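What follows is a set of structures for review.
In the two assemblies presented below, subunit A is common to both, partnered first by subunit B and then by subunit C.
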Partner chain A sequence: MDSLDDYQIPYGLMAEFDTPAGVMHAAEKVRDEGFTRWDVHTPFPVHGMDDAMGLKNSQVGWFTFFCGLCGFFGGMLMIWYMNAYDYGIPVGGKPNFSPFASFPVAYEMTILSGAFGSLLGMLYLNRLPRLHHPLLKNMRFADVTHDKFFVVIEADDPKYDEEETRKLLKKTGSKHIELVNE
Partner chain B sequence: MTAKKKASTKKPEPETGLSAWVKLPLALILIGVVIAIVAIAIGEKTHLAHAWLVSFMFYLSICLGGFFLVLLHYLLDTHWIVPIRRIAEHLASLLPLLAVLFVPIAIYSGSEFVTISSGAEASEQEKKNNAIKAEKKAAEVHGEKVVFKDGQADHDAHSSDGPRAFYSWMQSEKDYKETGETHDHAWYAKRAYLSTGFWHIRWVLCFVIWGVFTWLMRKHSLAQDSDGDAKWTGYNRKLAAAGIFVFAATLTIGAIDWMKGLEHQWFSTMYGVYYFAGSVWVSLITIYVIALRLKTHGPLKDVVQKKTLKDNATLFFAFTVFYAYIHFSQYFLIWNASIPEETFWYVKREQGPWWWVGMLIIFGHFFVPFLALLRQDVKVRSEVMITVAVLAWFIHFCDMSYNIMPLIHESSGWMKLIWIDLGCLLFMGGCLSIAFIYFFKKHPPYPQRDPRIAETMGVYIKLHSEAKVAGK
Partner chain C sequence: MAHDAVPSSVKIAPPPVELERPALVANNHSIGWISDTVAGVIEDKTPGWWKLAISLSLLVSLGLPIGLIYLISTGVGVWGLNHPVAWGWAIVNFVWWIGIGHAGTLISAILFLLRQKWRTSINRASEAMTIFAVMCAGIFPAVHVGRIWFDWWLFPVPNANSIWPQFRSPLLWDVFAVSTYFTVSVLFWYMGLIPDLATMRDRFRKVAGKVTEPAARLRNKLAQFLYGAFSLGWTGSNRHWSNYEKAYLLLAGLSTPLVLSVHSIVSFDFAVSQLPGWHTTIFPPYFVAGAVFGGFAMVMTLMIPLVSLYRLNEIVTIRHLEVMSKVILVTGSIVGYAYAMEFFIAYYGGNPYELYAFKNRAFGDMNWSYWWMISCNVLAPQFFWFKWCRTTPWFIWLICGFVNIGMWMERFVIVVTSLHNDFIPGNWGYYSPTWVDMITYFGTFGFFMTLFLLFCRFLPLIAISEVKGVTPQADPHHPLGGAKH
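Take a look at the complex of A and B:
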């Protein structure tokens, strides 16, 4: 054992592509092979990538929806409690509480809570925050913020086999395939 | 309204015997005419006139929505709409033809034939009770002091002594010209705008402007089909830049003059945008259904993509929220200010069946479509979208009725005569379907050589730089 690399655990195989079309076709092939733990990295959003990767509808919407709902009724409850129940404020002969008058504020509360729900739900589902990611130490991967496109298949995917997966990625037309360690 | 859709969408199979699809609109027209004759025969002239207006405003909104989408495409250079733009262009090009359907309204706008009792089954006593109820309701809203000022009082005065004019302010104007005095303060204060001559100039101008813009833009679009020159897109962009302002102004004038003008005592700064929001909403879903039909059974099979429909539905979803926001704002401002000359409009619409129609609009125009379309994947599920479309047409019809019908049916009566409304809808739907089918058959079904057609069909064209990389 003379190199530190011998002790390292493989994170996954990284394949580099030059064009969005190239990475899109590669993603379709990887999807059809039935991989589950893999991802595509691009410098900008590529339309149609969700389908190419076989991604389902994001779950974030549920966080948004339920937090929004809580915000709406929480807002209504707050206004009713403050302006009608705890300390009634009569204005212009109108009822102390009315859903019409309260609506704009409750609506703002919906947006606020919905936004928090989206952000926190997204972070939770992405297992963020995390301080480090194995791909980040790869110098070649830095080009993902510039003009290169990557498909990364993780080593703990049940279908992962270093030789076979490498062959698959080669077949998709990648010119540079590299094993990334943890 | 669904019938109209069927007629216009089933059209694109000329080879499978198009005579059947030409016959359907004719049948609709025939049914409409029969219903109209029956309505006149039993003396429901008042209801027929208002039903005609409801129906006219209904189809006007679909056509104006199409016009707006064409403008939107050229202004923002959006590619998603390209496959279905021809549908929007044809809908927009129906606008000048709508002038023909408007002529009866223009002719009878000032004639005094509107009687409130006819049509309404309510007895005088019932009407009085309703008036008292309205007053009580208003009393609750305003505190104890209720003064029905100008507007309401005048309106009652008119409705009680015999037939009044279709647009009652025209009567006030006539009386003023004859006697030199008026008790209609609301009209007097607004007389600079509400003058019969000016009104006629305005509607003629509206239709002329719509005709020029829509036909010119479609002409350019069709010219591009034959020569593929990008300059046509450039021409249309310039037209659209001016057109969007013209569109905003003419739509507002149309909504105010023809619908809001029925109750000229009222104030609402939201009215134009309120009609606009409903228009684009119902137009988007109409185009969706036509596009869906043409995709599954017709020439747009490979042109309209899943994402085209999805984007279409997304915009519809956005307008669901926009409409709710606008209509809520209108109600909220009036509720909050609580000024009698504004609140009377909504007080009237909380009587009898109109309360429930209002509820229907709140739920059917917002909550149901909003919650139904919240998920992404539903937006391309045809069974859901067609259900939503049927709902949307029905609700938009209710929305138009909600604006127009409470004038002559304060309590009951509307539901019993709704077959007349249906007749008008069928008649106009039939007429417009014939024109739409004619347009569609005559011209290519989609902008074949639009600069963005490849992009929107998902054909990936290699950039120059990419071609170089790939070639090496």
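Take a look at the complex of A and C:
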């Protein structure tokens, strides 16, 4: 217990791959082993990786849908309140509130809040913004936004065992496996 | 298993050579080459032409504050507006700029839904163009009201007499349409930037140790901090990509009806009135087609010089230019059809005022604008039937210049010629812009170009992660992506 490194808590094992096919086959093996706290990091979305990882369909759509719905009815309610309830403006004998004349604005409000719902919903589901991450300290991992592919199995996965997991990752064909600390 | 049932004697031939498409990124470069090339634009020394261009743009953009301060301090009388032409260059410029924006959203949203992979090379710059064009557009309706200190009456807040805005007016719909369009375009653009900002963050991080000079170290630190903060801690996690791609698809799905509605609502500003020449049901689709047409021309006007100056022609290839030329040909022909149909309905509808308005457009005392419009919008794009014309950058650039002029003329024809000779001869007049109209309009060019040049210098002008994603090297089932069989 001389060096500070001895006190570090392991974050997980990181395995590097050179090709999308390589990382995808590795992901299939890790999925079949039953790991739950693990991830694949790629420079671009790899087609078919969600299946290879066993991920379910993303839930972002619910955020979009409910925000859009609120936008539409919020828009209608706003116009009714402003032009018919709070201060009626009679124009040419037309009704003070009509869903037809109000539609364009309510439609734009649907899209506006649906768009905010999609972006903020995506960020919420991804727990972003996160301005610190153990992997972002690792220089080798910096190539994840360039041309390298990584499988990371976290140390707090119930099936994690440093030796066994390292063996598994080696079997998947990774050339570089490294322990990343918190 | 179905494919086991096929006897081995049956050979499935590969598609014929002439049906094979050239790769989207030429010369089979590695995926790392793509980030090196695009990020190289930011990392390299500022090119001389860029300094020259931004100085020129800043100089031209001075027209904007000069024109606006003079206008606001004096009154709308400094413009060429008169009776009966109460809408002049301001509205023409507004519709023209906002139309240009539409190509960016078409490329980023509609072509995404249609799975047009070539869009990845141009979508980032086009979306930037959209945002800056909408900023230029927004200036004009805000200042054309005369007493601009009452602009806040457009917002849904009660005025001093507790009266709310009146939501039955297309002009108010326009406020919501344009502000929604701007906001959603910014959200979409920013979301697309997140992975690429992370690329920039990591690139500056990788070289940080090698930087020794104090000024360069400070620059590196600042770049790491800013790209890092705006990339929100992106790690390329597939769990993140999964949500990200879904959100991207949903934003594309939301932007598509949005972009169609924005120019439809802009056209309602005219079509809902009862003026001959404006009161037509063809306006919404005709405006949208015209917007896409003019916008694609502006995309090419910007991209062709940019690609050759930054030597990005392996990412934005001749094939990209050819496809965009075809879009221009199609939308130009739709616009031509709309011009013909308007004329036919003016004749067939049996309304003498309507017929007069159209005859006056083509043969009246402002006929020059009409024939400029026809030549630039209907005739010029017809060159794109020929392959040489679609694959020669300087020629495409020339035609796109004409289209930009033609689309401005189209809005001039719609706005001014419909107003200047209306129902009774006592209401007839002519319209000429003043120098204030002109420097304000040219000022917006400077403003637009300044923003666009800053964007090219400091942000990845090509969507790095998206371009990587459409190469065969990125396909896990392709031999270049590492597939073994």
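Rule of thumb we're sticking to: the second predicted complex is superposed on the first by the 178 of 182 C-alpha atoms of A that agree within 3 Å, B and C clash if a C-alpha of one lies under 4 Å from a C-alpha of the other, contacts with A are read in each partner's own complex, and residues count from 1 in each chain.
Definition applied: contacts are C-beta pairs under 8 Å (C-beta built on N, C-alpha and C of every residue); 3 or more make two chains touch, one makes a residue touch a chain.
For clarity, every value in this text was computed on a predicted model and none was experimentally measured.
Ranking subunit B and subunit C by residues of subunit A touched puts C first.
Contacts of A:Lys94 after superposition: both subunit B and subunit C are touched. Subunit A residues in contact with subunit B (one complex) as well as with subunit C (other complex) are 18-19, 21, 48, 57, 61, 94, 98, 101, 104. Residue ranges on subunit C touching subunit A, taken from their complex, read 30-32, 35, 156, 158, 162-168, 170, 172-173, 176-177, 180, 183-184, 187-188, 190-191, 195, 198-199, 201-203, 205-206, 228-229, 232-247, 250-251, 254-255, 257-258, 261, 265, 268, 465-466, 468-469, 473-477, 481-484. Listing the residues of subunit A that touch subunit B in their complex gives 18-19, 21, 48, 57, 61, 65, 92-94, 98, 100-101, 103-104.
Taken in their complex, subunit B has these residues touching subunit A: 141-144, 328, 331-332, 335-336, 338, 374-377, 458, 460, 462, 466, 469-470. Within the complex, the subunit A residues that touch subunit C are 18-24, 27, 39-50, 53, 55, 57-61, 64, 68, 78-79, 82-83, 86-87, 89, 91, 94, 98, 101-102, 104-105, 107-109, 111-112, 114-116, 118-119, 121-123, 125-126, 128-133, 135-136, 139, 141-147.
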